[in-house]
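This is the structure I have questions about; it appears just below.
Labels A, B, C, D, E and F are assigned to the chains in the order they are written; within every chain, residues are numbered from 1.
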Amino acid sequence: MHLKIINPNTTVAMTEGIAKAARAVAAQGAEIESCNPSDGPPSIEGWYDDAIAAAAVMETIRADDGRADAIIIACFGDPGLQAAKEATTRPVVGIAQAAMTMAALIADGFSIVTTLARTIPISNHLVRAYGMEHYCRAVIAADIPVLMLEEEPQKCYQLIEAECRQTLEKDRAGAIVLGCAGMSDTARRLTDSLGVPVLDGVACAVKLCESLVGLRLSTSAASYPQPLAKTYAGKFSSLSPK
Amino acid sequence: MHLKIINPNTTVAMTEGIAKAARAVAAQGAEIESCNPSDGPPSIEGWYDDAIAAAAVMETIRADDGRADAIIIACFGDPGLQAAKEATTRPVVGIAQAAMTMAALIADGFSIVTTLARTIPISNHLVRAYGMEHYCRAVIAADIPVLMLEEEPQKCYQLIEAECRQTLEKDRAGAIVLGCAGMSDTARRLTDSLGVPVLDGVACAVKLCESLVGLRLSTSAASYPQPLAKTYAGKFSSLSPK
Amino acid sequence: MHLKIINPNTTVAMTEGIAKAARAVAAQGAEIESCNPSDGPPSIEGWYDDAIAAAAVMETIRADDGRADAIIIACFGDPGLQAAKEATTRPVVGIAQAAMTMAALIADGFSIVTTLARTIPISNHLVRAYGMEHYCRAVIAADIPVLMLEEEPQKCYQLIEAECRQTLEKDRAGAIVLGCAGMSDTARRLTDSLGVPVLDGVACAVKLCESLVGLRLSTSAASYPQPLAKTYAGKFSSLSPK
Amino acid sequence: MHLKIINPNTTVAMTEGIAKAARAVAAQGAEIESCNPSDGPPSIEGWYDDAIAAAAVMETIRADDGRADAIIIACFGDPGLQAAKEATTRPVVGIAQAAMTMAALIADGFSIVTTLARTIPISNHLVRAYGMEHYCRAVIAADIPVLMLEEEPQKCYQLIEAECRQTLEKDRAGAIVLGCAGMSDTARRLTDSLGVPVLDGVACAVKLCESLVGLRLSTSAASYPQPLAKTYAGKFSSLSPK
Amino acid sequence: MHLKIINPNTTVAMTEGIAKAARAVAAQGAEIESCNPSDGPPSIEGWYDDAIAAAAVMETIRADDGRADAIIIACFGDPGLQAAKEATTRPVVGIAQAAMTMAALIADGFSIVTTLARTIPISNHLVRAYGMEHYCRAVIAADIPVLMLEEEPQKCYQLIEAECRQTLEKDRAGAIVLGCAGMSDTARRLTDSLGVPVLDGVACAVKLCESLVGLRLSTSAASYPQPLAKTYAGKFSSLSPK
Amino acid sequence: MHLKIINPNTTVAMTEGIAKAARAVAAQGAEIESCNPSDGPPSIEGWYDDAIAAAAVMETIRADDGRADAIIIACFGDPGLQAAKEATTRPVVGIAQAAMTMAALIADGFSIVTTLARTIPISNHLVRAYGMEHYCRAVIAADIPVLMLEEEPQKCYQLIEAECRQTLEKDRAGAIVLGCAGMSDTARRLTDSLGVPVLDGVACAVKLCESLVGLRLSTSAASYPQPLAKTYAGKFSSLSPK
């Protein structure tokens, strides 16, 4: 089993943190390869960052050597997820869909705790796109810039925990979905502290990829046929579908 | 890893088939324990069978020795799923939710192929309960009694395949979800023949349970608190929550 | 007109209270027969109790002598409702569906006031299953164990009334749906006190059954065909469909 | 018990047919009063007719002497239903909501058979407004002008029956909802012929009104407060709320 | 370009205010014709007023001389909108649909601020009818009778602004939709004060009508065929479709 | 008035066609500026093309000189629409949302006719994202590669017209939404031939932009705050938000 995790932003420290979170849960003997685009946003905190990161993710997928059995897109906006499904015949899992999917198996309802309030609409969009409206009790923001997760982890932990406690009581959530790949390392501590399942999308995506690979299931070519061959112009020419 | 698969009906041959399907995909070293209630319906082909089977499943769960890490309910109606989540602190996965959940990761839409037309409303109910309305293109019946799957596998395969071909074309489904645990052994052959992913809920549930256990995630006690202690009367007294 | 009311729990005092509530509204000359299973949970306060009670309800229906024109399942979780529709050709009405159905005729929106918070997910599930999402403003709990309704009626009344006042103001509900058969006798007093319609499912179900019988309408055999004949094993053998 | 049935169109023969259908199912001793506006459309076959009929219905309600315990609006578009709920403190039931409400109690899904195709959008609008989307399998038209129901009943019956057979098979409906008050007298014959419940809104509304009155439930004043007093100008002055 | 704005109530001062608001945004050279029915309610503050106003609007449309290129119904309940679409082959736009439509183009979500709380259900009904559930964050009332908008504009402004500030913060709305034609003149001032777009339905409808006319698009005759010719009785005879 | 139309693909002939379609409907005196990215896909026929085109659109927006009053994204997948709303304070309209929005004003339901079947999921996604599920009757494909629209216009017209006729009859659509910017020049001819409104998103977007500018409404900064300043790496560095 070989899984490739793409951190859609360019911050290497975050890529390493994500890889660590992935390895912590990966099946014995599984190889976890992590990478991030060399080009693009250092953090993804809105629709604009997300759009550029989606293109950057495509570069990473096109540059892939084909060794991985499945691919994870490790940003809670799932940037480029549908496009990636066309670009490779291997399974591709986004961490937002992964976390919500797993949460729906173990809780009657969940709240998503995200970083900055400006990303709430992106989460709401995904909740709706994935049919999770009746599971999602609330999307709330801890008011943390993404990179602050790296820089001030203890302070961030406290902000996140406070938000979680509030939504658990007020919104009757039965689980917490962490709304950023950079929050992975808080999941275990939060679970212990809050007494409800706290789901990290990176870990969930690793397990879902292992599952799909184990089942020899891949993305449906009927739903996601490979891109038609054409020549892209200019700086995107290397991304041209063959 | 130790998974317990409960076939909610009492047909031992079917339990064995389900166990075989589970073992075929289980992680190396995983122990697959299968069982079925000693009491209850030999097959589940409607709401009435399903209601009795749900109680029978509770008997099986209450009789459990606690060795298993997670529990699978292996009938496409997911009988007793919510109840089972209250009855144990371990993860419980139903095969209908499992198959639809995995299908949503790899296809834009799926069709469910079930046994008898009389079970279509149960599938429709679950599609709605799980928020899968926009993924589910159609629920169709191959007009096969459940136990005929054991007795005339080749004829059943042909009926199922014909239904699949029809819905793939007519309903623009990108994947097929098999709507009965007894169809497990057709999944691989159908996948090869049809050229789209064909999902067997038993296999999907095994992988989702392995995933939840690997992530140390269990059912939310906030969503599914354990049953309040009380004494049940008569033939159900052995099921009394303590 | 002969209506049979099944209290799905085994508490005889509650069965009597339900019968009294039913008789108070039944048409002149109507015979109200009430019963409860001899086996099963003494109260239904969660999914697990509900699953066992559903099987117990089936026993009661199978033991029925066929004199009743229609059957009422008198627990707000509507345990076994769909199964019961298969098991008899007579109309079967659950009190949750009955109360919500009637509320939707007279109010722009309603709140459900239930017993313990742990039953809220069951109500939410039914709201969704019956298409009442846009009528239901809130599901709230008065934090009352079911049997306390029998034992401390005055204290319970006050708790329920306080919850009702709060949701009427905060959630802009136009009516209250009582979320437990044991609350039947508070409906009239609450209506007078709160100034909005307060709906008791038992009373509503009596009237809907009278309506269906009066219209010579029964459950659709196309939607709910009778269970296929088969032999159930063990303690459920008496429930085998013929 | 005194029920007032308002036929929103001005065709007296149709009012009489509706009254006859109502009396056929009314409780013993119930008084059925029927009427129609003196002013307005002779038949309601679209949004425009419906809008004028709604105002005409208000005239009828304002002219009411207050003897009736409940009021029925007997046109499948439920013209003026919400307005009427404000205009009187007594229960008001529309036949479309009544028929769909009763159908949802006895079938997994229903089809609505209406008169002219041009009225299908009105039915679709009501299906959505009442939360019946997942019960309603199809809305189909028998291609019959409303008044032809009076003039050529036998031919109409055959057209309706043919449409019903088609939708029962094609759309897997478990019941038929008749989409016009003028079809009332076909319900029994169709039920016998088709083998599934066929619901006439007039009959359903009679029973629901009897139910509401029997339960001493009226329209919520919180949801439908009475119109604010004001003076209407011109030809509508007699309708001014006091 | 010639647009006809129908104020569905009979208050001439309000008609003039609406016309002024329309002229302020109309394209250069556009003729804005405004009118109100001579008969009907002086203000529309509930379903009952709305039903009568709908008929009054039909009178106005039937009396129209055909010079206008498009018609606007300028009351936030959109009274008679569907009927009007049948009654003329020209485009007809309601201000509620117009404002919500434009808001959905520029904001992730909006709140509707209406006059009296009793009109909230009407707004909720339209939100659902137009598919705006996921855009609409809240419908709130400033507790202002409609005609007070004319009489005490400054006091009303303050009440409206206070409500807006509250919903912007609490409900995370990105825009405000004004829920009454009489609020048109507050839109600009509120936009400047609140820092989010504030949408007046009158202005939006003017622009949408100009757009439809400019595109030579009219109401679909397939969706809204003209009313069938028939003779209406009594005071509605002048409204008979030819 | 100055509108900038971005054709997200790099095919200059198509950009010119789009500009021509825009100019044909633009208000007198309006300046229509059209452009396409120099880099990126020559046509957009799937999720992958769409993701790259979204980034290319951002390049175009960032390179903009600020003279335009509003911006149109002229590809039916609305690539980069949300991101563009963050990237500029001016209104941004996508042609898919524009066409569906206008269609909902004039028809009870519409069908979308797109190019290749592989783009149907993208349209379905947008239908759901924009809340148009109950307006959209069907999404169908004429089986035309995007660039064939340029090369074989007459043959394409016939294929499109045939698909339209079929869906109008079968799906009871009241209008047609053209699912590709390259189909703009067929709209008028199809309208005349089919007798129902046929909506071209380019034309609709021009009018909606004129409307927003005329109303001095811009994208909500509360919903779409400008991207946080950060430095993008590599080939995307020119897109760094300031």
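Convention: a residue touches a chain if its C-beta (ideal position, glycine included) is under 8 Å from a C-beta of that chain, and two chains touch if they have at least 3 such contacts.
Quantities reported herein were computed from a predicted structural model and do not represent experimental measurements.
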- Note on the structure: Intersection of contact sets, subunit A vs subunit D, gives B, C, E, F
- With over half of the numbers shared counting as same, classify the subunit A/subunit F interface as same or different. same
- From subunit F, which chain is the farthest off, judged by mean CA positions? C
- Quick one: which of B-C, C-E or B-F reuses the A-F interface, over half of the residue-numbered contact pairs in common? B-C
- Note on the structure: subunit E and subunit F have mean C-alpha positions lying a whole-number Å distance apart equal to 28
- Message: Just the number, please: Cα centre separation of subunit D and subunit F in whole Å.
- Response: 43
- Message: On a C-alpha centroid basis, what's the spacing between subunit C and subunit F, in Å?
- Response: 52
- Query: Got the subunit B residues that touch at least 2 other chains?
  - Reply: 85, 108-109, 121, 128, 134, 223-224
- Should the pattern of chain-chain touching be classed as line, ring, star, complete or other? other
- Query: Using the touch rule from the top of the page, what pairs of chains touch, sorted by label?
  - Reply: A-B, A-C, A-E, A-F, B-C, B-D, B-F, C-D, C-E, D-E, D-F, E-F
- The answer for subunit A against subunit F in the complex is residues 10, 37-43, 45-52, 54-56, 58, 80, 82-83, 85-87, 118, 121, 125, 128-129, 145, 223-225, 227-228, 230-237, 239, 241
- subunit B residues within the subunit A interface of the complex: 25, 27, 85, 91, 93, 97, 101-102, 104-109, 130-135, 168, 173-175, 188, 191, 195-197, 199, 203-204, 207-208, 210-212, 214-224
- What residues of subunit C sit close enough to touch subunit A in their complex? 117, 120-121, 124, 128
- In the complex with subunit C, residue positions of subunit A that touch it: 108-109, 134, 172
